[in-house]
Structure formats: structure tokens, C-alpha cells
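Both complexes below contain chain A, partnered by chain B and then by chain C.
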Partner chain A sequence: MIVAQLLVNGLALGAAYALVALGFVLVLNATGAVNFAQGDLVMAGGFLAVALAGSLPVPGIVLLPLVMGLMALLGLAVSLLAYLPLRNRPPVSVFISTIAVGIILQNGVILLFGPEPKAAPALFGATTVSLGGLVIPEQSIAVIAVAGLLILGQHWLFARTQLGRRLRATAQDPEMARACGIPVTAMIALTFAVGAALAGAAGLLLSNQFFVTPSSGAGLILKAYIAVTIGGWGSVAGAVTGALLIAAFEVVASATVSYSAATAALYLAVLVILTFRPQGLFGEAAGARA
Partner chain B sequence: MRDRVPWASSWTGIAGGATPALVLAGALVAAHAVLFADPYGLRVLTVAGVYALAVIGYQMIFGKAGALSLAQGTFHGLGAYATGIVGSQLGYGFAVTFPVSILVPTVLALVIAAPVLRLESHYFALATLGIGQVALLGAVEWQGVTGGSNGIAGVAAIELFGWRPGRGLPLALFVWALVAAGAVIAWRYGRGWRRLAFPLMRDNPAAARALGIDIDRLRLETFALSAAYAGAAGALAAHIQRVVSPEVLEFPVMVTILTMAVIGGRGRVGGAIAGALLLTQLPEWFRGWERGYLLLYGVVLLAVVVAAPWGLVGALERARRRWLPERPRPLPVPVDPGPRPTPPFRGPMLYVAGLSKSFGGVRAVDGVSLWIDRGEILGVIGPNGSGKTTLINLMTSLEKPDGGKLYVRGVEMTGMPTHRIARGGVARGFQMASLPPDGDALDAVAAGRAMIDKDPSSAAAHALHFLTLTGAADLARTPCSVLPPGSRRRVELARALARQPGALLLDEPAAGLTEAEQADLAGQIRSAAASGVAVLIVEHNMPFLLPLADRIICLDEGRIIAEGTPDAIRRDPAVMAAYLGPSHPEPAHPGPA
Partner chain C sequence: MADKTKNSGNPALRPALRKVLPLAAALLASVIPPAAAAAELNIPVLVPVTGFLALEGTSQRNGAVLALSDAPAGLKVESEVIDTGTAPEGAVTALERAAGRGTPTAVAASMLGTQMLAMLPLAEEYGVPLVTVSGTASITERGNPWVFRFFPGDGVTKTAHARYAVEELGKRRPAVIHQTTAYGQSGQAHLRDAFAKLGVEPVFEEGVDPGIRDMLPVLTKAMAANPDVLILHLHSGPTALFIRQAAAMGITVPIVAGSAMHQPSTAALLEPAELKGVCAESSASPVSGGTPELERFTADYRATFKTEPDAFALGQYDGIRMVLDAAAKGAETPEAIRDALAKSTYQGLAMTYRSDGRGNMAHSAVIVCYDGASRVPAVVKRYDTAAPP
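What follows is the complex of A and B.
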């Protein structure tokens, strides 16, 4: 019984983490750049949901498209201000510029909302469902469903549409894509927008059950990073798998020891992994551009 | 504060002309502190000194070694906790707590160095961030020792053998005296051969290794040193704040240090001090903003990275160069270093046996054996993807071979790190001549002597000798960034020869050169061989290679398919088949022009 309960919790958490990691890996593939602000974008999405819920008393599912749309605009702004001017500079410049974006988001949120944790509205309702003697929060099921749909949607966008083909071509070889007449700069900006929209969705999904604080970003970027490292640098499917693994680890470890111990153990485990396999558990999918 | 003036002038003198503005600014700040500052202003100045110390340390790993560490805030916090715990809980004085505070983060840096320092830039950044998160969790959770979220109160004032720098001016002077000492140590550390090694190591680690520079050791040194500085700063911060709480381990400290380093000028000791002074003042000008100053830091950091990555010190230097054009630095007198003593050995200069390497199932190099004698020129040809560059990379350990042996001057060097093989007598050139981004041609060649002459002025004198040998002496003061391809090759060759190697491995040296330049290069390679160097040349350009080489090896799919004199190779059916497909009657390249 407890195992089933943990499974549902782990799956809900993992689904949300997967959105974070997905946004991170899409930008990584498109630009070869590591977006340190991804965790803070998730946090910003959470606070955006909180703010919108303050003036629009509707369920989270109605806010979701709004949050994703606004976050996509923020993603565009990030690419314009912090990535595109630096695309021909050493990678460390983009690390620093996205760290700066994270600082701006985090402290901007503190100025607007204060440092306390906040909760976004639930997707549908805050009730629980009984399923064969199992009491499951409705929110958990909704998170799994919504995140699953978004992941499928992202997959469909990239695999099945003309736009997706252009996005993938840009990620694979920007020079070649440009030679084929693909507007590479616009595609990169669009990838940032998709990444930020996914981060916003993750923020909304996570900040109901787990709350959101302005300093959540560092933990989230680490988890996205770990997911991508475990799953194979640059692999989209690997990022999702890695996110689910991390969530499973966290849920199980939190249930047996404490949350802090679980987090510490996770980071230390990754250090150990990197010691023995610097290329990640499943090898590198992306080239050495980053 | 006044200690800074002689230091500043001597430092800037080395870094390419004095920056009077910086010295003036330092003097103004000092005068302000002594004459006009109120107690609050002195406190801000003291805090600026503490940060300056942490940032000077950070400039080593981040600025000089080029690794984006996100653990500097953590090291700073650990220093503060060490002072809090050893001083407040155990009752020791400054004479004990200060060294302990330096030692604790340094030891941690050395311990975590094994897993993290090998990592590529982004992995390294995130790994160091993860370590910081673990330390923060530890400080909050381990309540018995750290006091949990409340931290440790009642940290004593600094007291050293009965002397107690009082609040205000004495404390500010004490902190800034430590800053001055730290700055001098950092400046001395970054001088000499390290001044030549660091830019190359940041820009092209492989090239630096191939010059015999032990990058891993430099990374370790700079990482440990940066931790030591951060620990010292953390200890001082604990004494000034009188409390230690988990805040000292939180990310804003790291953000502040990073912003100071970038805004002041990456890699510059003067930049660290300028950044610390400016950014501790900034929140004072925006008082009533609470933590809003961090928002401001973020905006300024983004703006500087995008618009002025050279930072404050760099901007001052640019302005000075614009208004007061630099007088060219005088050239040293070229000195022939004379032959390097090498232990006697028998057999070939370079010998490899059964070298193999696979990449994901593809056998890039498959059991290659070859030798090169003293004074011999061996050409290696083969179609694209036949494993030529991989072969050179294996022979210099830039790739680890799956199997096989390597002997240099009769000594087995299989599996040794690149810099050891380089020091053992192997020099190489790269497909893209890899010269440091800043600095002139003489600096580039002097970097080749960095591991041989320990003193920079003799390195420069010897470097000029080798530039003269390759006919590039007139380029000595030309910045590498503006050298045309032919000149870049000459400078790179001069750098390789400056190492006085036993074996010289060249990867497509003639690529992009005019015919006149090729003929010139061929002459220089011949004279290097005549002086006893064993030369291996990977080349596509047959008109260049065939008349030059004594012997040629042809690779295909990682294996040697033919070996012989240039004449024999030109007529070899296997070679023709590899280049043209089995049925073609004519050779791909018509042979010597």
C-alpha cells in the first residue's frame, strides 16, 4: 500500500521534474549552451501562477496556458538579452549571463512577493480520490496527466511538424540549417521560448503541493542537470528518464530518512557517478560544443 | 591601505604599462578612509576588504585557470563556520582560528578536486554548486555543532598576541593589510611562466598540455589557493559580523563574488579589488532597497558580460591605450640555449608498437607500429578518416590508446599524461595553429620554453632565438590574433622547436599556405631534421610531402597499408586503391610538382 502511494507521489514529482529537464535539454541541444536560469524560470513560473491566481480565481488548469504563454515571452527575452549577443563568445560567457538572469529573476520575485513560500492553485481541485483503498490526491493524478500530455506535445511538435524539423535541424548543425534557408536565430529564440514555457508549466505544477520560494531555483537547476547527466548529455528521452529516477530516489529516501538527507545523498551520488563516468551514465548524445 | 600603491604600480608595470587611474583611485580611497570616513563608511570599507580577499582568490580558479567554480561562496562560509566553531564553541583565539579557517576549505577543495576538477566546464560548475548545497544542508541540519538555522553567536573580536584592532580605522587597516598581502602573493603566483601558461590553458588546454604544461596540477593549485583565500575572508567576516549563520553559505555570497570578479576584470588582481570596492558601495547608494541590491548585481553582471567583458580594469587599460599609445616593449637579445643534455639511448627516437583505438565500435587506429630515427622525416598519408590525426593524438596521449606501446628516446611512455610525453621530448603542431588569443608572437614562443627555463627573461631571449631561426623575428611583437596563416605556422613551428624536442609531430603543416610559404616551411623542417630531430608529418599535400619525406606510411581504415620511399608509395597499387577505389589506374595526386 505504502509502495503504491510512494509510486504515485514519485511519478507526479518525476513528471514535473521531467518538464524542467526537458526545457533544459532542448536549449542545450539548440545552442550547445547551458542555461543556468532554467531553475529560476521554473520558480518564476510558480510565482506567476500565484500572482495570476490572486486576480483570477480560477483552477490551475485554466491558468496553465496563460502561464506558459507569458513564460514563453520571458524565454524570448532571455534569448535576446543573455544568449544571442554572446553566441560567438566562449561558453563561459553564457554560463555567467544565464546566472545573471537567474539572479535577476530570484531577487525580482523577492522584491515583488517577499521571501516566504507560496502555493499556486491546484489544477482541478484539492480533493482526494479513493482508488482500491488507496487515497490519492487529485492533484497528483492531474500533474501526471498534464505533464505527460505536455511531454507528448513537445515530442509531437519536434517530431511531426515542419517547425519541429527546423528546430531539430538547427540543433543538429546550425551552419547547415542556415545554408538550407532556415532562420536559425529565430529557431534558437523559439527553443528558448519552448524551454521557458515548459519551465513555467513545471512551476505551476510543482508549486501547489510543494510550494515555491524565491530560492527554489538552485535546487531545481541541479535536479534538471542531474537528470540530463544521468540520462546522457543531450538525450531528450534520457532527460525524462533521469527526472523520473531522481524523483523516485527522492520520494523513497524522504520516506525513509529526511528530505535534507535525501537531497544531500542525491548530490553526493552524482559526484560519485561523475567520478567514474564523467560522460554520464548512458554516454553523451550531444557533441563537445558545450 | 597605503601598502597598495607600490604593489599596484609594480603589478601594472608587468601587465603592460601602469594604470595611473587605478593607483590614483586606490590613493583616493585610502585618503577617504583615513581623513573623512565615518564609522559606518569604515565598516563598509572593511567589508569590501573581506570580499576583496575572497575575490582575489576566486580570480585564480575562475580568472586565471578559467574554470567556473561555484564553490567560492561555500569555501568562504566554511571559513566563517570554522572560526565560529573553533573560536566560539571551543574557545581558541585568532592565532588558532584564522589558520584553521584557511585550512578547512583548502582541505575540502583538495578532497573534492579528485572527482570535480577533471570535469568539463559546465559539469564542473554544477558539481561545485552541488557541493555548496550539501554544505548548506549540513550547516542547517547538524545543529549540535553549527547551531542550526540560528547559527553561532558571540564570535570574539580579532585578538592577536594581545593586540586587538579596534573597530573603525584599526580594523579596516588590519583587513586591508591582509588584502595587500594576499594581493602580493596572488600577483607573484600569476607571474613568470604561469603568466604564459594560463591564457593558453584557458583557450586551448590540449595545446598547453602538448607544451609540457601540467594543467591538472595548475587547476588543483589554483582551486586550493582560491579556497584558502575564501577561508581567510570567511574568518574575517565572522569576526566582523560577530555571528555565523547559514546565510554565509547561501548562494548570494557566491553571486556577489562572481559579480565582483567579472565587473572588476576577469583574472586581474586589481580587478578583484576594484570590483569589491565598487560592489560593496553600490548597495549603500541604493539603501532602503533591502535585498534589492542583488537584483542590481544581476543587471550589472548581465550588462558587463554582454557589453564589456573586459571589466573595469580592462576598460581603464583600453582607455589609456587609446589616449596614451603604448611604447613597444623592448625586445630581448636573442640567445641560443645550446643543445639540451639528453641521456644516451639506442634505437629509434620514437617507436610505437601495435597502437589501437576504437570509438564506439569503429577502429580508428588498428594495430599501427612505426618508428622514426634521429634526423628522419616520416610522412603519413591516407584518405580522410583513415586515422592520421588520431594516430598523433595517441602518440601524445591526448587520446588514451586501447592498446599498444610508445617509446620516446628508448624510454617507455605508454599511457603517460600528455605533459610527461611532451617533457620526454615530443613536440607537436596542430591542424589549426593554436596560439594564445592575447599576447604577441614572442609570448607564444616563450610559452614553449615555460617548462624549460624557469626564469621568464631567459625564456624570452631563447624564444627570440627560435623565432629568428624560423625567419619570424620581425613578428616578435605582433599580436598573435592578427597573424596571417603563413606567419602563424612559422610562430607555431618556432614554439615547437623552442622546446628542443627529440621528435616533432606535425598535423597538416602546409594547409592554407601559399607555394612560396610551403617551400619555406619545407626548408625549415629539413633543417630541423638535419639538427637531429625525428619528424613525423601528416599531410594531404603530396607536392609538399613527397620531396620532403625520407619514408612514407599510408594509412587506410586505421591500418598501415603501405610503407616505403616516396617513389615506391607513388606507384603502390594499394595506395592508389585506397585513394581512388580499386579500379582506378591513375594516382590521385600527380606527385612532386
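What follows is the complex of A and C.
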């Protein structure tokens, strides 16, 4: 019974991690640059949810579109300030500028909200559901459902719409896309917006059960980086799979061995995967690895 | 980030009073012979208000600033707050910057152990007393006469932690869950020693990375060992996560947490019902009340910073007040302040402070418990280690 309980918890955590990794990989594909601010965007999304909940006492599910919309605007700002002016510079310039964005977000949040940990409202409720002996937090079920819908929505956007085709064309070959009349700069800015919106959603989902602090972004960017490495550099499906694998080690494996051993086992698994499949589980979609 | 303030006595003067004072001063000056000039002190506050220790560092800053804002009559205090971040070089740079404007009389120094270790040689070179609430044991084990710690070390708090579980709750099968950080490992080592002295061996011990979000695995393993008490030594967020998850699982085994639980910001993450029966060790719990002086401190802190004080704030407040007290009694140079801190006894708001010869000033700890109806704990037990003669 406890194994099933752990699986549910692992799936909920993995679903939220998947949103973090997804936002990371979208920007990676569109620009070829690693957005090191992605973890801090998740943190900012969590604090934004906390702030909105202070003035709008409604369930998290009502706040979700608002958080995603405002975070999308923040993503646009990040692209305009931290990526586009440096797009023709060496990649390291963008790495540093996104690191700077992350630091600014952390310190900005400390100034606005203080250093205390905060909790955002639950998506629907804070009760538990009993299912055949399992005691599952309603929030866990909601996180799995909402994250699943967002991942499917992102897939639909990119695979089934004209906008998505333009975004994918920009990601695959910007020069050819520009030659075909696609507004590449706008598409890149839009990708940053989508990535930040997903980060905001992840922030709202994570910060109810697991709280949010101004420094919590650092751990999340590391998880996103590992997830994308496991899944295949630039692979969207790989990023989601990698995120679920990390959560499995974090929740399920650590129930049988110590946390330290589970963490060591995760990195050992990463090494094994990279030894036998250097391109990751789903193969590399992006050309250059940071 | 620097926030420069000058304080001379109570700065909270009302506008009407400000108009009257110059006139009164002129009248007094005409009839009273000139008095000796007020002693001038320079006490910079070099603490981490950004980074992973921002929560505790902000408390430390607030405690120091509050103490400096109400200096005893006759003292003129100049102070500036410099953020040290969390890197050792950040603290060193801050100390060099502060010293560049003239040797400080004393410094409210970072609570981060690695930063203190980096500042110690410089403090000795400049001859500046460092007044801190850092819990890192090694800062007072290096023979440096310029460091003074106004927060009990793990040797004091973890002994109280273990004694409360064994002697007061009558538990013999503790499960110890600690953080994997230096803070967590130090606490675990002291807990193990303290339990051993009480003839008790933990039935379960495990370290948890601060980045771990789901506590169900460790909770499951701990409960499989059939403990009769859960002993936590975790940071703020993980403490709240653990207690929330334990409450959701309906676990009735009592929890005695580390000092992070006493922080009002930790309790704010939990519903009062989730806190029912939870206890925690701490050096003090200002929000729990006590003496009128302590309650005045808490009221002033709330009014000034719009937040709740914790033991770090109170420890730093007491430390700076002891410096000001020494200065008011005539210790005007850094050397004189050092000697006064090293040799005097001071009755602070949290406890009585006296150096053990190595700069460890605090020798008391308390246990607080939550009743399930509010987020304000009650002090249920006090442990005073004999202060050195």
C-alpha cells in the first residue's frame, strides 16, 4: 500500500518537475542557449501566486491562468533584456545574462516579500482523498491532472497549430525560418513567454505542498538540467521522462535506501545512460550541448 | 547593499518635540557648563540578508539594528548595514569596507560559520570584536580572543533536545532525522552524544538533503523502526514539510523538532492543528512572552520590522546591548570592549551571558511546545548549563 502511496507522490512531484524541464527545453530549442533563470522563474511564479492569493482569496486553479499570463509577460521581458541584445554574442554571454536575471529575481523577491518561506493556495482544496486504503492529498491529484493537461496543451500548440509550426521551424533552423518569412525574433520572444508561463504554473503547483523560498530556484534548475540531459538534449518528451525519473529516485528509491544513496544512484543512472546512450534516452534535438 | 544610520539616544522624536528641543538646548547651554563630549561608537552590521541564509540573517540584522536604535544616553553610535551574501569573500570584503572607514568599536558579524571563519583572522589583525549568533562550533575553538557568540552551541541545545525527549517525555526509542548540511551533521553528532550520555540509542537516523521535497519516504522508514519519539534537526522549510506530512498520515508519535520550528515563519506555514503536540528546542522564544522587558522587545520589533522576532534576533540584540552596556560603563576602544565581553556577566533578555573563556557567551536553552490552537508556543522547560565562574 505504501508503495502505491509513494508512486502517487512521485508522480505528482515528477509532473511539476516536468513543467520546469519543459520550459527549460523550449527555450533551449528556440535559442540554443541554456536559460539558467528557469529555476528562479519557477520561484517567482510561486511568489506571484502567494501575492495574488493575498488580494484574491480564490482557489489556486482560478489563479493559475493569471499567474501564467503575468509570467508570460515576465518571460517576454527576459527575452528582450537578457537574450535578444546578446543573441549574436558567444553563448556564454547569454548564460551569464540569464544567471544575472536569476539573481535579480531572487533579490527582488526578498525585497518585495521578505526571506520567509511561503505557501501558495491549493488548486482546489487541502483535504485528502481515501482510495482503497490510500490517503492521497487532493492537491497531488490536482497537480498530476493540471500538469498533464498543460503538457498536452503545449504538445498540441507545437504540433497542431500554425503558430506551433512557426515556433518549431524557428527552433530547428532560424535562418531558413527567416528566409520563409517567419518573424524569428517574435517567435523566440514568444518561446520565452511560453517557457516562463510553464515555470509560473510549476511554481504555483509546487509552492502549495512544498512551499517556496527566494533561494529555491537553484535546486530546480539543476533538476531541469539533469532531466534534459537524461531525456536527450532538446527533446521535449525526453525532458518530461527525465523529470519523472528524477522524482522516482527522489520519492520511490529513497523509501528503500537513504536519501544520500538514492541521490548517488540517480547520478549513477545518469552516467550509465550517458555511457550507453550519449544522446540521451530520446536522442538529441538541439545541436550544441552547453 | 548598505543602509547607513546615525543614532544618538532615542531617534523617535516627534515633530513638535523637534521644534522645542533646540530652544531648550540653547537655554540649557546658557546656564550649564559644557559637559564632556558623547562617546562615539562605530558598530557596523555585517550579515547575510540575501542568499540561502536570508531568513536567519534578516533576523540577525533586525536584532542588531533594534539594539543600536536605542543606545544608552551619552553614547553616539554610527552604524551601517552591509549585506555579506553567503560567500566567505563577501564577509571579508564587508569587514574590510567597514574597517576602511575607521576601526569599528565592534561588529555585528555574520551568523554563517564559513563567513565567520573567513573573518576571524582579519578581526584579529584589525583588533575588532565580532559579536555573532553563529552556531558553528569551530569559530570559538581557534583561540581567537575577538569572537563572542551570543547563541548557544549544539552542545547546549542538543543536550536539552535529547534530555527533554528522554527525561520529560520518558522516551527511549528516538528516530533522528537531520539535514545533510554542516548544520545538520553537527546537530546529529551532538544528539548522538547526548543520547549516549542518557543511555539511549536512536532506533533510526537519516540525513535529508535540503532540496528534498517529499518527506513521505523518510517518514515511512522512520516509522518502520517503531520509534516512540521523532527527533528533527532540519531547516525551516523541511521541518514544516515533515510535520505537515506526519499530520496528514495521522502519526501520533510525538515530535521534538530543532530550533527552526520555533521561528514564527516556520509555524506560519502550518495550520495550528498540524502543530498539536509538537515541541522544539531553542535558545529563546520571544513571541512566547515572559518578562515585561522581553515583551517590550517583541512589541518594538513588531512595530519596527512588521514581522515576528525569533531567537536569532534576540541573541544578536542581547549581544549588541552588552557591547553598548560596556561602552556606557567606559569601554570606548575595541580592546576595552573585548575585555569587557570576555570578563563580564550580562543579564540579557534571553538569558544571562558570560564567556566560557573562548567567547561562548550563551549557556541556556528552552523547550517550547504548541497546543494545537495557535501558532504561538509556550515555554515548557528551561535548561541552564552552569556558566563558568
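Throughout what follows, the second predicted complex is superposed on the first by the 257 of 290 C-alpha atoms of A that agree within 3 Å, B and C clash if a C-alpha of one lies under 4 Å from a C-alpha of the other, contacts with A are read in each partner's own complex, and residues count from 1 in each chain.
By definition in this document, a residue touches a chain if its C-beta (ideal position, glycine included) is under 8 Å from a C-beta of that chain, and two chains touch if they have at least 3 such contacts.
Everything quoted here is computed from the prediction, not taken from an experiment.
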Partner chain in contact with A:T229 - chain B first, chain C second, else both or neither: first
Which superposed partner A:L271 touches (first chain B, second chain C, both, neither): first
Which of chain B and chain C A:M43 touches, first, second, both or neither: neither
Partner chain(s) touched by A:A100 [first = chain B, second = chain C, both, neither]: first
Chain A residues touched - chain C or chain B, whichever exceeds: B
Partner chain(s) touched by A:P85 [first = chain B, second = chain C, both, neither]: first
Partner chain(s) touched by A:G108 [first = chain B, second = chain C, both, neither]: first
Which superposed partner A:S260 touches (first chain B, second chain C, both, neither): both
Partner chain in contact with A:G219 - chain B first, chain C second, else both or neither: both
Which of chain B and chain C A:I151 touches, first, second, both or neither: neither
Touching both chain B and chain C, residues of chain A: 106-107, 110, 215, 219, 258, 260, 263
Chain A to chain B touching residues, read off their complex: 34, 36, 81-82, 85-86, 89, 91-93, 95-97, 99-104, 106-108, 110-111, 215, 218-219, 221-222, 225, 229, 258, 260-261, 263-264, 267-268, 270-272, 274-275, 278, 290
In the complex, chain A residues that touch chain C: 2, 5-6, 9-10, 13, 106-107, 110, 114-119, 128, 135, 137, 206, 209-211, 213-215, 219, 250-252, 254-255, 258-260, 263
Residue numbers on chain C that touch chain A, as the complex places them: 49-52, 54-55, 57-58, 180, 206-209, 211-214, 216-218, 220-221, 236-237, 240-241, 248-250, 265-266, 268-269, 307
Interfacial residue positions of chain B with respect to chain A in the complex: 66, 68, 112, 114-116, 118-123, 125-127, 129-131, 133-134, 137-138, 140-141, 250-251, 255, 258, 262, 290-292, 294-295, 297-299, 301-302, 305-306, 309
